[in-house]
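Next come two complexes built around chain A: one with chain B, the other with chain C.
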Partner chain A sequence: MTRTLFAVLSAVLFSGCVVFRGELEADPVTHMLLQLPALALAGVLLLLATDLRFVKLPAYFANAITLVAVFAVFFWMLPRYIDASLINPFVEFAKFLTLPTLVGASLALAWRQAHPFLRGFLKANAISMLGVLGFLYIHAPLRICNSYLVSDQQRLGYGFLIAAIAVSLAWTFPLFFPSPSETGASQSKTNKVTV
Partner chain B sequence: MSEAEIKPHAGAVKFTMLLSGLVFVLMMALGLIMRAAQGEFIELDPALFYQILTAHGAGMVGVAGLSGAAIMWYFVGRYVQLSAAMYWAFLGLFLLGVVLILSAIFLGEFGGAWTFLFPLPAIAGGAWEPWAAATFILGYVSIGVGFLLYYLAIGYPVIKRYGGLARALGWHVVFAGADPADGPPPTIIAAAAVTVFNTLGTVVGAAVLVASLVHLLVPGFAVDALLAKNAIYFFGHVFINASIYMAVIAVYEIVPEYTGRPWKSSRPFIIAWSAILLFVMAVYPHHLQQDVVMPGWILVMGQVVSYLNGVPLLAVTAFSLGVYLHGSKARWDLGLSLLVLGVGGWSIGAIPAIIDGMLVVNKVMHNTQWVPGHFHIYLLLGEVAMSFGFMAWLVRKGQASEAGMSTLDKATFGTYLVGAAGFTMVFLISGALSVPRRWAVHLPGWILQDRIGTLFAALVVLSTLALVLKYAVGLGRGQRS
Partner chain C sequence: MSAQSSIYRWFPSLGVLVLGVGTLWAATDGFRALTEESARRLQVAESRPQVPSLLLEDMNGRILGLTHGAFADKAGEERQITLVEFIYTSCPTICQTAGSDYAQLRDRLKQSGLGDRVRLLSVSFDPEQDGPEELRGYAEAHGADGVLWNIARVGVQDLELMKRSFGLRVIPDVWGGYEHNAAMHLIDPSGRFSAVFDIDDVEGAYRALEERL
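For the complex of A and B:
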């Protein structure tokens, strides 16, 4: 039942991103902060709709797949590829392919099984990356993307800043008040997948 | 896993403390050189003076953080299983940072002080190249990443074992009425608080470091100077204070071995540490009292929190220490003496700090030697004393309760105390007489004080050298037996 729901949601999200491509990509804020995460989320939901969600990976493999996702994110954070996706259909196609698979599905598969220190480090890194991106886009002395204006760029910078603050709050609060299941699992070595 | 399996990483910590002791002596020697140059005992090219000032500041703050971190690692390791690999990664990144910083200073001639205040690193007037400033900043980044790993490695098992940071801070005792006996031990409360505020401090520091780095490489990326100053002093204040708050854990854990009375996580203790968590972050504006463009309320907050900041420390740690020691049959040895000195020096040093935190005083005292006067008290007679107390305890002979103090120990301790007290007092007096800080060349009227200060400083260097030697010999003996 939930599986079908996940599959349907995934399909809806993905097709939404395709159908409203023009609208979403007209503004860098919705392009970077809405379309890209939505594509990744579609990948997450797709994986959760399959049996792959129960697969137990060897530790090193889980870490490696997590890192694949991270590097895919890095790639799509580079302004030149975002720019290219607007004019080069091949790059656009790659974006629609890799974000759900390499980022979304990879994380859904491996994140929970990755080493807790790796996860913590990546979270801290994500917060500072968002902060740095915010700084860069707000302060850049030149226009970074051919397709977007300087004022768009600055709005995107504030968007990144807000995202950084939101994400750090969302990740810090559970450290103070974790759900019992999270700390209760401390003794058993295997972390169950609970998404 | 059973409690018995949990053991501190004694080897790694002992090694770190040896390293820290050596760096303390080396950096003190640099301090002595600066003081002797101000007193015209020796001649020093001013450019070199500022490089040495930078190395001394960054080196001392760094090694205070390192020794504090090693102490906290050791004692947290009594309660939870820590990852040795993460510790070595931390130490490796730390040492990489040291190499970068030393290269920036002594090869690149960077002399912009440990505070790297924007835009000085970029506008050097030809004194150093941008690459030197960039290397210095990369060194800080490496140390920052190291500390991030360190706190991750402490925070994760503590959260797992104690059920979240809120419980590790003892909030269920204070707010939900749980019995203090169900609260976490003092070490865990302190470790949880430091983990929270120093992680935040490190993140803020990293942000301004990256911004400064980008500005160095692409000068078009301007940085808001006032925002950068706020961020730098938030980071700087939090980081150096964290070093003391980590080192004081040695007092909580070691003193009970002498007094036979365990240090308890009472309600006041828990409240004090939660207050510290807030105050240590809210108090940083006392560094910006000359910046009249700052909103008035922030500066007033800095002053008010400066007053409050002393309360948890004085009322809880110093007062409890007095109570625990009073009437106990503790036998004094070098370790205990240094630990008690550490708490005393920390508390006394807070007083001139609070005075300087008042806006009316700060107007006059801000850039005088009053400032190095007060922080050398709570670092030299505080953090450093605690670190050497911990080291003496690590290599003690037999049970803590049976030890005693040899004549050599007494002479070493006395020399250190007299030297450090005199050295810092001279700074305070000079400050009260408006001698500026951070000046390579002093006016003739200041030279006498500089010379007296230099002599006291020499006593500190000598006695510290003796402390390091005793520790090294003790380690060697421990290895053989």
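For the complex of A and C:
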């Protein structure tokens, strides 16, 4: 039942990105911070709708698949290919193909099974990368993407900063409120003492 | 577990690492071009594409060629190198800066005696708005004499071809004007587009001209 829901959501999200690509890509903020993540999310949902979600991978293999997603993200962070996706149909097609598969599906398959150090490292780097991109886009005097205005680029910079803050909050906040299963028995003992 | 099998565990990640870095390396011309603009400049420097010999109309209504070969007037025949920048005259910002940078370049060329062998062109990509009168206004504002430095416009029918040949991207801004990649484009004596300079890189453009003459 949930599977059907995931499949339907994935299809809706993906076709939304395709059908409204003109509107989404007209503004760099919705292009980078809405369309691209939505395409990746469509891939996540697609994988969750299949039996692949139960596949148990050896950690070293999960690490490798996670790295595939990292490189795909790097690629779509290149301003050159964001520009190219707007004028070259092949690049646009590659975007719609690789973000759901190489980024979304890869992460849905391998992220939880990857080594905790790798996950921590990538999370920390994702936050700092978003922050650096934010400052770069806000302060760059030149157009980084030829397709967008400098003023739009600055808005995108603030968008990246907000994303950096949101992601760091989302990842650190739960650490202060651990679920009972994570704290274990020793934690509950100390609780009793303090109470 | 033997030592061997633990080494094999590195293979998938190493493989992805090599493939990933390789892909990024190839996609950015060896990490040299991360943006479309730098890719354009690199491509120009390496492949030196032939510039189509389009005809332009200058501020006095005369027809002249974009490349040296199609030059109409006699004085122009001797001018081997063309430096082109793209403007629209109602531009309040960067085109005006570009104009003053061109003026600096003109002064340096005159001082060093290269002023009669180079042609500076400011070409409007907004032929609907920029008639000869508007072009003359721009020339007067920046001191373009029509010989060493001429202001011209492209014909509406050739606009797309010109934009394509130079990788020129023009997008409307919110004030009814345009944002465009402002740069100086060097067309060498053989009519090839062979270098791009930032609009304020007067020194770099001057040295490149000196080198080629």
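In this text, the second predicted complex is superposed on the first by the 180 of 195 C-alpha atoms of A that agree within 3 Å, B and C clash if a C-alpha of one lies under 4 Å from a C-alpha of the other, contacts with A are read in each partner's own complex, and residues count from 1 in each chain.
Definition applied: a residue touches a chain if its C-beta (ideal position, glycine included) is under 8 Å from a C-beta of that chain, and two chains touch if they have at least 3 such contacts.
These numbers were taken from a predicted model, which means no experiment stands behind them.
On the superposed chain A, the positions of chain B and chain C stay apart, so the two partners fit side by side. Residue contacts after overlaying the shared chain place A:Phe177 against chain B, while chain C stays out of touching range. Using the contact criterion defined above for the overlaid structures, shared-chain residue A:Met1 touches neither chain B nor chain C, since it reaches no partner.
Within the superposed three-chain model, A:Ala124 lies in touch with chain B and out of touch with chain C [touch as defined at top]. In the superposed model, A:Phe61 lies in contact with chain C only, and not with chain B. When both complexes are overlaid on chain A, the residue A:Ala140 reaches chain B alone and has no touch with chain C. In the overlay built on the shared chain, the residue A:Leu169 is in contact with neither chain B nor chain C. In the superposed pair of complexes, A:Val132 makes contact with chain B only, with no contact to chain C. This overlay, made by fitting chain A, leaves chain B and chain C with a least C-alpha separation of 12 Å. Comparing the two interfaces of chain A, the one with chain B and the one with chain C have residues 142 in common.
Listed in rising order, the residues of chain C touching chain A in the complex are 9-10, 12-13, 15-17, 19-21, 23-24, 27-28, 33-39, 169, 171, 173-174, 179, 181. Those residues of chain B that touch chain A in the shared complex are 1, 83, 86, 148-149, 152-153, 155-156, 159-161, 163-166, 199, 203, 206-207, 210-211, 214, 218, 220-223.
On the side of chain A, the complex with chain C involves touching residues 58, 60-61, 63-65, 67-68, 70-71, 74-75, 78-81, 83-84, 142-151. For chain A in complex with chain B, the residues that touch the partner chain are 116-117, 120-121, 124, 127-128, 131-132, 135-136, 139-142, 174-178, 180, 183, 186-187.
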